[in-house]
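One chain, subunit A, appears in both complexes that follow, with subunit B as partner in the first and subunit C in the second.
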Partner chain A sequence: MSVKELIRFNNFSFRYNSRDDKILEDINLSIKSNEITVLAGPTGCGKSTLLRAIVGLIPNMYEGEYTGDVIVDGIKIRDAEIKEIAKRVGFVFQNPENQIFMFSVERDIAFGLENLGLEQEIIKKRISKIMKTLNITHLAKKAPHELSDGQKQRTALAGVLAMEPKILILDEPTSLLDPKTAMEFMELINKLCKEEGMSIIIVEHRLDLVLKYADKLIVLSEGKVISDDTPENVFDYKKDIIPELSVPFSTKLYRELAKNQMKFTKPVTGVEDMIREVMK
Partner chain B sequence: MIKFDNVRYNHPDGTNALDNISLDIPEESITAIVGNNGAGKTTLVKHINGLLKPSTGTVSIKNEDTRNSSVAELSRNVGMVFQNANHQLFADTVKNEILFGLNNFGFNEEFIRERYEFVIELFKLRKYEDISPLKLSGGEKKRVCLASVLAWNPEILILDEPTVGQDELQKTVLLKFINQLHSNKKTVIVISHDIEFLWRLQPNIVTMSDGKIIEIGNSESIFKNQELMEQVGIIPPQIIKIFEGLKIKDEIPLSFEESCKVIKNLRN
Partner chain C sequence: MQFIANGFIYRKSNSIIHKLDPRVKLLISIQLFTLALLVSDLYNLLIIFTAITIFSLLGKITQRLLRTMIFATGFSVLILIINYFAGYSLLYSLQIALRFISIVCSTSLFFLVTSPDELEYVLRWFRLPRDLVFAFVTSVRFVPVILMDTLQIMDAQKSRGLELEKGNPITRIKKFVPILVPLIINEVIRSGELAEAMESRGYGISKNPTSLYSLKLVNFDMIVISITMVSFVSVILFGY
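Coming up: the complex of A and B.
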């Protein structure tokens, strides 16, 4: 599958009308298909604003001073209709309860598709396909309140994926899931990314859960991009990292040991890497 | 301090959420409740501030049955910070949000001023004082909730997923603060999926699954028990996975510094 640039930020800056200072300043980014990008940074650094700029909530819903360009799958967000953007970008909120509102799982998934004005036949096919992929076919007739948190998360994801977006954005998707369910969810996301060639952006503080799957780690601080590289390169012991970043324990160990002359073949970003390096 | 005696709780639709829970949480302790989604953790803690009353059995705080007190009376002693900040915030400004509890409990002006200043500094909220809490980011909202509850200095503090949306510095502040509460003789109960945070906190741990308590123990014994971890949907902290992977099972170092030493020795 060929890799394609799906999102580009060109010298993008934004200031909300309600604030005096720019929340994002001079952002230049390129995000590709078949890649999982993790977006991290201190609270209030501009992560949510960056996501809003991709899905078109900025400038459509939030007013402010907008300079530069955000281009998503070839369209300029500033001039695009929300409907055009929604076909390309899916957004799963932190709390799936903010997203699921129909009286059954099946109806919830159908909602977005019906809004796109698709034929009933196509809608049915897409619902059945996505429920199979996410392993929720048995939940089709269930009401949202009958679902567990993990099932709710999958239902919210199904509603978004049924629209067949090229880009999927997940805002702290695992924060309400127990660690085992969170790992299963991340395995699923990884599979979708590689098999469907999607571009997936995950906002996450708990890097220990997601780093294993990340092709790229973007770190924002005070409205600027301060790192944009593979997790290995971001965490190389020769580089500084900001103290707000929740560095996984294995990576912290690697950085401390490497600074004290222990030799590593490459930077460590997970438990397995650490064990392999020490066993050498 | 907090005692659950054969507590069962059924939801209004009849489904069972807590099944024969007996639990003693001692005064001045730090206790974490962990378990898979739907295990009954939040339902359990809602019994402590009286938001829920048991279907059968009793819950008592300092030997006082919660059935005999209102939520308002219990709240003076039991502060609870909810998982979802949006369910808690309601005032027009951060300042009024924090002052609400303080004013409501009828403290004197000097105490109110002192506590207000203390929490506004601690949680770095000064610049948001006159802003609506609903306009803040997710992590900032959480800090306002924490500040509002900690302001009135309750004896028992319940934190439901306090680290969600918090960056590393905020987590460190939270960790220090929980330890400080502990040394000030408070009882702290934390519900969390953030195992790496819990490892740093080293609380007593209550594991739950399917409305039942499975096991209670210290952090080390609980997190080293692989079978138990599997049963309650938890993944052990990285420190345990690393040293188990390195075949060091019995003497897993507890701290970062110790870990560095052990690995250096292994390499030499």
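Coming up: the complex of A and C.
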């Protein structure tokens, strides 16, 4: 599967009309297909604004001072119609409850497809396909209040994936899930990225859960990109830790051991990595 | 309160009434409603109650319809008393009271056997503006969510010492302010998130949005329409 650049930020800055200062300043980023990118940073650093800029909610829904460019799959977001963006970018919000509109799972998955004006047969085919992929076929007729948090999260994801976006954005997707369900969800996301060739951007505070799958870690602080590298490079023991990041326990252990002369083949970013290294 | 609410809330079932096209269910409900408004003698009211009973038995909703009846009976007793003391005969007052019960039951019948999804399809079939239909759908969809939010806030405030059950009625109403304020803030934030989610899933981008299902009348629906229409017209023409 060929890799191509799907998102580009060129000197992008944004200030909400309701604020005096810029929430994002001089952002330059490049995100490719077949990649999982983790976006991290403290609360209020501009992560949500960055996501809104990709999905076109800025400037379509939020007004403010917009400079620079955001280019998604070859189209300039500033000049694009929301229809064009919706076909390309899927956004799964933090709370799945707030994005399930309809009274049954299959009707909710159909919501975006109906908005695109697709024919009934195509809608049915896409629903069937995505429900099989996410293993929620048995939930088709269930109402939202009959679903568990994990099932709601999958339904919200299905509703977005049915629109076949090239880019998938997940805003703290595991925050309402228990650790086991969160792990299963991340496995599913990884599978989607590798099999469908999507570009996936995940905002997540629980780095120990997502770094295992991440190809890239972007760290934001006070509206600026302070790091844009692979997780292994970000956490290499020879480098200083970025204070804004909550370092996974296994990485802390790796850094301490490496500083005390223990040999590692590569920096550790997860428990599995640590086990592998120790066994060697 | 929940006892009464259950007399109007839809529950899934495999009954033949549930399987009817929602437009047929609406037609039956309208027919019963109209008859209840038009007829006045006890004999015709008995026909309406028989029809309501048959539909509730076929729809397996008798128990919940009984709740509606109990709720309506409270008001109908009041209607009976007022009419009687206003100078009407006891028989006439009783007829008016029974009429009221049959009006409430015919409305409840529709909501008890029609899912919100089907209701949405009916509204769309009537070609109501999509924004209006969607506003209705989301408001119904989020009733249980807002209810859960309210209970959570009530628990949180009670754990901080708010005693909702104590004091006179005015004091009790005042005590709901610490519940209403966070609830309203919550729901305003939720509506913002909803708007974002709708926008990102392309709401409003097509002038002619399609639909996963479309309403189709089958043979059984046509038979039911025929039977109910004949009965309806018969009662209108010969019943009173």
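Here, the second predicted complex is superposed on the first by the 276 of 280 C-alpha atoms of A that agree within 3 Å, B and C clash if a C-alpha of one lies under 4 Å from a C-alpha of the other, contacts with A are read in each partner's own complex, and residues count from 1 in each chain.
Keep this in mind: a contact is a pair of C-beta atoms (placed from the backbone, for glycine too) under 8 Å apart; a residue touches a chain by one contact, two chains touch by 3 or more.
These numbers were taken from a predicted model, which means no experiment stands behind them.
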Quick one: subunit B and subunit C on subunit A, clash or fit? clash
Between subunit B (first) and subunit C (second), which, if any, makes contact with A:226: first, second, both or neither? neither
After superposition on the shared chain, which partner residues are touched by A:61: those of subunit B (first), subunit C (second), both, or neither? second
Thinking of the overlay built on chain A, is A:205 touched by subunit B (first), by subunit C (second), by both, or by neither? first
Figure out whether A:103 sits in contact with subunit B (first) or subunit C (second), or with both, or with neither. second
If you stack the two complexes on chain A, which partner ends up touching A:163: first (subunit B), second (subunit C), both, or neither? second
Now for A:114: first (subunit B), second (subunit C), both, or neither, which partner does it touch? second
Name the contact category of A:95: first (subunit B only), second (subunit C only), both, or neither. both
Taking the superposition as given, does A:179 touch the first partner, subunit B, the second, subunit C, both, or neither? first
Among 73-81, 127-135, 145-153 or 163-171, indicate the stretch of subunit B whose C-alpha atoms run into subunit C. 73-81
Please report the subunit A residues shared by its interface with subunit B and its interface with subunit C. 95
State the interface residues of subunit A toward subunit C in the complex, per the touch definition above. 52, 55-57, 60-61, 81-83, 86-87, 89-91, 93, 95, 97-104, 106-107, 110-120, 123-124, 127, 144-145, 159-160, 163
Which residues of subunit B touch subunit A in the complex? 35-38, 83-84, 135-140, 143, 161, 163-171, 193-196, 230, 232-235, 237-239, 241-242, 245-246, 256, 259-260, 263-264, 266-267
Interface with subunit B, subunit A side, in the complex: residues 18, 41-44, 48, 94-95, 148-150, 172, 175-183, 205-206, 208, 243-250, 252-253, 256-257, 260, 262, 271-272, 274-275, 278-279
Residue positions on subunit C within touch of subunit A in the complex are 115-117, 120, 134, 137-138, 140-141, 144-145, 190, 193-206, 208-214
